[in-house]
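Structures are listed in the sections that come next.
Two complexes follow with chain A in common, the first pairing it with chain B and the second with chain C.
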Partner chain A sequence: MQNEIIFAILALLTIVSSIVMISAHRPIDSALAFIVALICIAALFGLVNATFMFVVQIIIYAGAILSLILFIIMFLNIKDENLPDEKNKNWWLLGTSFIVAPFGLILIDLIIRSDITINRVPAEGFGNIKDVGLTLFSKWVLPFELVSILLLVALVGAVTLAKRES
Partner chain B sequence: MLQEYMILSIILFCIGVVGLISRRNIIVIYMSIELLLNAVNLSLVAISADMADASAQVMSIIIIAIAASEAALFMSLFVVLFKKKSSLDANIFDMLGSKR
Partner chain C sequence: MNTFLILLPLMMTMLYSLATVPILVWMERRIAAFIQDRVGPNRCNIGGIRLGGIIQSIADMMKLVFKEEFLPSHIKNKLYYLIAPSIAFVSAFLTFMVIPYADNITLNGETYHMQALPTELGVLWFLAFAGLGVYGIILGGWASHSKFAILGSMRATAQVISYEVAMGLALVSMLITYGTINLNEMVSYQTQSFFIIPAWGAIIQPLATIIFIVTAFAETNRAPFDAAESESEIVAGYHTEYGAMKFGLFFVAEYIAMAASGALIVTIFFGGYQLPYLSTSDLINHFETILWGVIIFAVLTSILFLRWMNKNSRFEFSSNNETKIYTTLIIGFTFFATIVMAYYAFGFGETHEVGVMILQFVVFTVKLFVLHFVFIWVRWTLPRFRYDQTQKLGWNILLPLSLANIFITAIVVVIGVNYGN
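Take a look at the complex of A and B:
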C-alpha cells in the first residue's frame, strides 16, 4: 500500500514536470523541469529495488548530462531574440497530442488487458552493483565493448565538430 | 506493479513524441529525445524487477551510455550552429551541407 502511494506521487510529479518541460518557452526553464523529471524517474528505479540504476541515473543523467545542458545554455548566452518565435506553440502542442493520444491509448489498453506480470521473487542482493556487474561482464561483454568504441567515436566527433571553424 | 510502470512509461513516451514533433527550439527537441530514452529505461527496469533478472538493467545501462555519447555530439552541434546562425530555431537549419 505504501509503495502504491509513493508511486502515485512520483508518477504525477514526473508527468507534470515533463509537460512543463515540453511547453516552457525558455530553454533554461525546460532544463530545470527536466531535472525534476529525471530525479523522479531515479526514485522510481529505487522503488523496485534497482539500487545501482538509481545511483547511475542520478550521477550520469541528473549530474553529468543535465549539468552539460545547463552549462551550454549559459555558455551560449541566449537572448530572447535568438529563440524561435513560436506564436502558435500551444495550438501545435494541442494538435500533436490529439494525433499521438490514440496510439498511447491503444498501448495502455493493451497493457491493461494482457496479463504480463510474472511476479518472480528476487534473489538476495538483486539489483545491487555485484549482481548487475556480474551480468554485464558475463552475458553482455560484446555490447559493453561496442559501447566503448561508440564513446570513442563520439569523443572524436565532438572534437572535430567543435574545431572545424578555426 | 509492472502494469503501472508500463503505463507511466507509455505516457512519458507520448509526451516526448509530442514535444519532439511540435517544438522548434532545438534544445527542447534534444531534451524530448532524452525523455524518450528515459521512458524506455523505466519500462526496462520495471521488467527486470518483475522477472528478477538483471539483464534488462544492463540494457538500460548501455542505453544510458549511448545517451551520454549523444549528449556530447548534440552539445558540440549546438555550439557550432549557434555560432553560425545565432539562433536556436530548427526551421533555420535547413542547409544540409550547402554553403549558403
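Take a look at the complex of A and C:
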C-alpha cells in the first residue's frame, strides 16, 4: 500500500513537471522542471530497488548534464524581451497531445499486457552495482565497448568543431 | 535500546554536521588569528565563561537568526531566490548520511549499522548529492539579478563541474584498490598492514589522495579555490544579495560540505574510525588492555592541558574565576571517566562492543578535526588562485594525473590478482 501511494505521488510529480517543462515560456523554468522530473524518475528507480540506476540517474542526468544546461542558459543571459513570441504555444501543445493520445493508449495497453507490473519488487540483489557491473562486463561487453567508442567519437567531434573556429 | 541504536547514527550525523558548525567557525577565526599573529575573538562571555571564544560564534549564530529577513525589491523570481539556500543546505547535509562513524555493532545477535543510511551505494551517494549542491549556487546567483552574484555563481558552477571529473576519477582508482564501494568495507580494508605501516588509502595511493583532497577543496569552494566569492573582485559572489538566515543557510551549507568532504577523506584515505593496526575484533578481544592505555592517555592529556591552561589563561572580567571553574570541571570529569573506565578495565562490565563503539567514535572525531584543521590551515596560508589558473589546474594537471593513476592502479591490481601470492 505504501509503495502504491509513493508511486502515485512520484508519478504525478513527474507528469506535472514534464508538462511544465514543455509549456514553460522561459528556458530556465523548463530546465528546473526537467530537474524535478529527473529526480522523481530517480526516486522511482529507487522504489523498485534499482539502486544503481537511482544513483546514476542523479549523478549523470540531474547532477552533471542539467547543471551544464543551466550553466549555458545563464551564460547566454537571455532577457525576457529576447524570447520568441509564443502566444498560441499552449493551444498547439494541447492539439498535438490530442493527436498523440491514441498512441499513448496503445503504449498503456502494451504495458498492461506485458508482465511488468507496478507491484512486482525484484529479487534481492537485482540492480545492485555489483550485479550490473558483472552483467555489463561479461554478457554485454561488446555493446558496452561499442557505446564507449561512440562516445569517444562524439567527444573527438566536439573538440574538432570547437578548435576549427580559432 | 533497539530504537536508540538505530537513531544513534542519525543523531551523530546531526552532531557532526550541524553542531560542529559553531565550532568550525570558532576554529577558523582563532586559527586565522594565530597564523596572522593575533589573538582572535576571545572576549565574548556568559558570566565570565568564555570557552576559549566559542561563545562568540554562538552570539554570531543568534545574530543571524534574529536579524530582519528582508527581500531586495529587484528580485523577480521570489521562489527561486528563496529556495536556493535550502537546496545548497539540504544537499550538503545529505552527503553526510553514508559516512560510517563506527564499525557495525552486534548486540544480542542483532547487527546495527553506524551509518545514518546503510546503503551499499556508499561513495556514489556522496558524489550524487555533492553534485546537486551546485543548483543552490546556480539558482541563488541567477535569481539575485545582480552582476556580482551571477559572475560568482558562474565561476562556482564551472569550477564544480570541472573538478567533479578529476574527483570521480581519483575515486575510481581507490575503488579499484579496495574492490568495493561500501565505505564500511573500505575502512575494514585499511586495518591491514602494508609491511609495517598501516595500509591506509593515503599510503597505498598517495597520488589519488592528493588529487582527491585538492578537488575536495575546489568542490566546497574553499580557499585557495574560492574565486567564486572573492571579496576583492565580486563583493561576495553568489550570496551578495542574501541577508540574515538566508545567507546563514549558505554559510552553514559551506561548512557542512567541508565537514562532509573531510569525513569522506578520513574514511577513504586515513583509516576512518580505525586505530592503526587494530581491527574491531582485536579491540573487542583485548578491550581491558586498551582501556588501561586510554586511562593513562586521558590522565596525561588532562594534566598537560591543565598546566598549559593555568599558564596561559589570564582573563579577569567578572567575579567568577574562569580558570578555577575549568580546573575543577576537568579534574572532576577526568576522575569520573577514569573510575568508569577502570570499572570496565578490571573486567566487571560485559558490553565490550559498546565501549569499542565509543572509542571508534572518538577516533573518528579526532581524525575529522585534524582534517578540519588542515582545511583551515590551507585557507589562511595559500593565496587565492586566479580563475583561469583554477581551470588550468583542473583540466591540464589533475585530470591527466588521475587518468594515469587509474591506469597504473589497474595494471598493479591485475598483476597482483593473477601472479601474486
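Criterion: the second predicted complex is superposed on the first by the 146 of 166 C-alpha atoms of A that agree within 3 Å, B and C clash if a C-alpha of one lies under 4 Å from a C-alpha of the other, contacts with A are read in each partner's own complex, and residues count from 1 in each chain.
Here is the rule we go by: a contact is a pair of C-beta atoms (placed from the backbone, for glycine too) under 8 Å apart; a residue touches a chain by one contact, two chains touch by 3 or more.
Please read these numbers as outputs of a predicted model, since none were measured by experiment.
After superposition onto chain A, partners chain B and chain C are found to sit side by side with no clash. When the two complexes are overlaid on their common chain A, residue A:Leu70 makes contact with chain C while staying clear of chain B. Of the two partner chains, chain C is the only one touched by A:Ala62; chain B is not. Touch criterion met: A:Ile129 reaches chain C, while chain B stays clear of it.
Using the contact criterion defined above for the overlaid structures, shared-chain residue A:Ile35 touches chain C, although it does not reach chain B. Of the two partners, chain B and chain C, it is B that touches more residues of chain A.
Annotation: superposed on chain A, chain B and chain C show a minimal Cα-Cα gap of 13 Å.
Residue overlap on chain A between the chain B contacts of one complex and the chain C contacts of the other covers 52, 56, 64, 68, 75. On chain C, the positions that touch chain A within their shared complex are 80, 119-121, 124-125, 127-129, 131-132, 134-135, 138-139, 141-142, 150, 153-154, 157-158, 160-161, 164, 181.
Residues of chain A that touch chain C in their complex: 28, 32, 35, 51-52, 54-56, 58-59, 62-64, 67-68, 70-71, 74-75, 77, 128-129. By the touch criterion stated above, chain B contacts chain A in their complex at residues 1-8, 10-19, 21-25, 27-28, 30-32, 34-35, 38, 41-42, 45-46, 48-52, 54-55, 57-62, 64-73, 75-80, 82-83, 86-91.
Of all the residues in chain A, the ones that touch chain B in their complex are 3-4, 7, 11, 14-15, 18-19, 21-22, 24, 27, 30-31, 34, 37-38, 41, 44-45, 48-50, 52-53, 56-57, 60-61, 64-65, 68-69, 72-73, 75-76, 78, 82-84, 86, 89, 92-93, 95-97, 99-101, 103-104, 107-108, 111-112, 116-123, 126-127, 131-132, 134-136, 139-140, 143-144, 147, 150-151, 153-155, 157-159, 161-162, 164-165.
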